[in-house]
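Here come two complexes built around chain A, the first alongside chain B, the second alongside chain C.
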Partner chain A sequence: MNTAENECVSETLGDYILVRLRGEVDLSWSQQVRRAILDALGAGSKVGVELSQVSYIDSSGIAALVEGFQSARGKSQQFGLVAVSKPVMAVLQLARLDKVFPIFPDAETARAG
Partner chain B sequence: MNAPLALIEVEKLEAWYGRRRILHGVDFNVNAGEIRVIMGGSGSGKSTLLRHLLGLHKPRSGTVRLLGVDIGKATEREMLGVRRQIGVSFQGGALLTSMSVGENVCLPLREHTRLDENTIRIMSRLKLEVVNLGGFQDLMPSQLSGGMVKRAALARAIVMDPKLLFFDEPSAGLDPVVSAELDELILRLRDALRMTIVVVTHELESAFKIADTITVLDQGEILMTGTVDAVRHCDNERIQDLLNRRPREIQVDADAYLKRLTEEAAA
Partner chain C sequence: MNTSSLAAAGAHERRALGFLAELSQSLALSLDLRETLGLAVTRIADFMQAEAASLFLLDPAGTLECRICVGPVDISGLKLAVGQGVVGRAVAENATQVVLDAATDARVNANVDAETGFVTRSILCAPLSTARGAIGALEVINRRDGGLFDAADAEILRVIAAPAALAIHNAQLAHSLVEQQRIKRELELARKIQKSMLPKRRRGGFPLLGVNLPAHEISGDFYDYFDLPDGRIAFIIGDVSGKGLDAAFLMVRVASLLRWAGKHAPTPAAWLVEANVEMCKTLQDGRFVCAVVGQYDRASRSVTFASAGFPPALLHDGQGFEELLADGPPLGILAEAQYSERRIELGTRALYLFSDGATDVRDTAHNTLGSEGLRTLIARHAVLAPEPRLRALIGDLKRLRLVDDTTLLLLQEPCGTSAHSLLDLEFPARPEQMRQVRAALRTALDSEEIAPELRDKLVLAVDEACTNIIRHAYHGACDQTIALHLAREQDMLVFELRDAAPVVDPSRMQARDLSECRPGGLGVAFIDALMDDWVLVPAEGGKGNLLCMRKRLAATGENE
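Then we have the complex of A and B:
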């Protein structure tokens, strides 16, 4: 794994917080991703996780997304996955989570809800 | 282009049980991302080879390198590092009968990680969903059918997203539909989670469906390693016997036979 390419950045777009992930999301830093998602949900009412630059995600990364979505639903917040890359989609489909998460093609569509 | 990365490298492996030689100079390599099927009849040595690949036996002669680690010389710490990156689904499931299905699946995460409880719960239940056992986490192993035990064992084997997954006889004792579903799942695990998978089986249909390459073992020797097509069309008589389910003719060595019957005790 090339850790130099892994990145998790939160960007505020009005009332929307977009958590942008990059690289390979695995056990070595998925807890950081989890924290960023939960922090974003603590700071704003609408949160998206952008995944277009994620080349691999393991179950611990998926667990961070699931926990974020569950937390958002509990507080009636908007939560969605944005621009899901093919490798991430393959993992979502493996567990049929592509039918569970709201998935948006881009941030604009996601913000519009 | 980079050379393919070998996750398993076996050279000149010999294995003996007492005076009986089980594996004869086995060379065996598996590259990252590959699905390798080990085929062979009963007594061909495939289970012994698997036990060496899992590090359960140290090689008496020859070398076994797993994820770059020579397991014949590895320290406890190195072996632990290897074991964190491999998953094993045993033929009989090997679930701990005093624990629920969910606790069984969580076990590797509790042993090998310091993840928080929420993440452990979600990861383990996610894998139960993957094997179509969603919602079964509170059942005990004794309450499961044979096919469900096998799937629960697979969920436990993949809960850490291992680089290398070993699957011993996935189809044995399963109905054809569940068996076909497991074959499909093996292919999807490789594609979605980038696993390298070694399957030991004697089910031809399953082997031909999932394998990138097949290694055929017979009487402790590798008869061939090749693609599905190469194995199907190989003109080796023993391989064709296996493929066409023809009984083998057992060679009898009169001296050895009489010795086995009459000898008082093995040296």
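Then we have the complex of A and C:
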């Protein structure tokens, strides 16, 4: 997993947009992640960020997630994290954000929620 | 007044104006005021058609002295009190005095005439006025034509006195400035000489480090260390009562006396007893000296010391403090005083000795730091090696306001003998570099068999620290570098990050409260949460910063 290329892909599943992240989210490309999340929130009312293939996330990556969450809440949109990997969960816990974000085990549940 | 006398008055004023312009210019352009004033007073006497003229100046003691005198009788050096005689009154009242008939005027001091045989008939005296009041007076005596001075003459003298007052005042200011600068230069020289008496810092892991910060140019504090014939190291830290020049002079004598006694004294207590007896003979005016003297044996790492009224020593093991009292009276008071000793097995601990100036520093609200405050500062920098730690501590004290001479002496064996280096990396300050750095760090931590959960957290903390350096110290990605050094000393992991950026104010690196949900400022909070302690200090030589973070590993098997 450590060798996975960084990747950020947005998929539209009906009314739901899923931003899939891969690799290590750090300062070198967290701005790109932030843009993708905000763009998704601009395009649809329900957005999820899929994190199962993310092996590392730093504070700038967490900041991008928080910004998406706050933006969605301001416009009564739905925003959640999907399939959070263990390393990402550890950082969310450290930032005391694990109870703040809606977290779903998979995209199906997220779409239904 | 008829037409012709009006015309005469007009001509008189024009003449006065011309004279005033000339006088002002000669005074303004003067390079040697004393000489110019001498000429000026002669010309004033001529212009005023006076038999005699004199110039009196106030000396620093507040006495008027005749500095320049022209006329048949030399009264140079004559001294008057303010308020005494015509001149004294002109100064006291800061107002021109006109004496039409000296024989009957009570203001006139008849003694001078009686002593000199001169007959004073009529006097005019104008004060030399400045913004700070009169600084002296200009006096003319007796019209040469035998007539009496009148109000018009008094007005002219008042006007003529103005440029003289200005020139003298400026010269006095210039002189006091020169004097101040001379004193400043001499104090600076005294400071350098005094500083040269402190022992040179020894390299190569010498266990004693000292710093002396004078509150002003010179200090009544001192420290010293030297080798004893048996291989032990002797040390001294002292504080002479009082501040300023006399304390500084006494410090020089006391320092050499203590050094001399320390060369042959068998024990610190005997050392103080001998120095005390000597000082009781020589110290005067209620002066006394507080000091600690000690002997340190590097082989056994044991230190013995005795104190004469000096603040208690602090022993710090990296976790907590122990206050060490070894109290006896200050030196120079009681010739029969005895001193008790403390013996400490120092081990890897740090012993801090400090003069009371270190705890008397004030913050902006004038609160003193106190012993608790000093402990907090020491604890904050405990992460650092002795030398940068002392530097950081001094930096903190300097940011506060020193009110007294401050001296610190630190005794600690340099750590690092049991430390082994796990990773040394230097990389450009660019976010794209971080992935490789994290990988290298994971590998290094894996080799120490750090549990993966803890390993990932330490990697996160170091990553956050590096990106903070890139963003806030270098203000963005650049080709300057960050050096990462990881070492392990027993159960302690020490992470050091060095950059070459301008010095960062450590107070700007503040963790935010994790309970608030917002995007920024998380990095420092992560470092705070993940490391046991960390400190940011200017690097050696004042260029760049050193961030040092520590994590103590729990016993094997329970790394978290």
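What we mean here is this: the second predicted complex is superposed on the first by the 109 of 113 C-alpha atoms of A that agree within 3 Å, B and C clash if a C-alpha of one lies under 4 Å from a C-alpha of the other, contacts with A are read in each partner's own complex, and residues count from 1 in each chain.
The rule is short, and it goes like this: a contact is a pair of C-beta atoms (placed from the backbone, for glycine too) under 8 Å apart; a residue touches a chain by one contact, two chains touch by 3 or more.
The structure presented is a predicted model; accordingly, all values stated were derived computationally and were not measured.
Asker: State whether chain B and chain C clash or fit side by side on chain A once the two structures are superposed.
Answerer: The answer is clash.
Asker: With both complexes overlaid on chain A, does A:39 touch chain B (first), chain C (second), both or neither?
Answerer: Neither chain B nor chain C is touched by A:39.
Asker: Just chain B (first), just chain C (second), both, or neither: which does A:93 touch?
Answerer: first
Asker: Is A:28 in contact with chain B, with chain C, with both, or with neither (first, second, both, neither)?
Answerer: The answer is second: A:28 touches chain C but not chain B.
Asker: State whether A:67 touches chain B only (first), chain C only (second), both chains, or neither.
Answerer: It touches chain B and chain C both.
Asker: Would you mind checking which of 169-177, 187-195, 367-375 or 457-465 on chain C runs into chain B after superposing?
Answerer: 457-465
Asker: Let me check the overlay on chain A: which residues of chain A are in contact with chain B and also with chain C?
Answerer: Residues 26-27, 56, 58-60, 62-64, 66-67, 87, 90-91, 94-97, which sit in both footprints.
Asker: Where on chain A is chain C touching in the complex?
Answerer: Per the stated touch rule, the residues are 2, 24, 26-28, 56, 58-60, 62-64, 66-67, 70, 87, 90-91, 94-97, 100.
Asker: Note which residues of chain B are touching chain A in the complex, please.
Answerer: Chain B reaches chain A through residues 113, 115-116, 118-119, 122-123, 126-127, 129-130, 159-161, 188-189, 191-194.
Asker: Once bound in the complex, which stretches of chain C touch chain A?
Answerer: Per the touch definition, chain C meets chain A at residues 430-432, 434-435, 438-439, 442, 453, 456-457, 459-460, 463-464, 467, 470-471, 514-515, 517-520, 522-523, 525-526, 529-530.
Asker: What residues on chain A touch chain B, complex-wise?
Answerer: 26-27, 30-31, 34, 56, 58-60, 62-64, 66-67, 87, 90-91, 93-97
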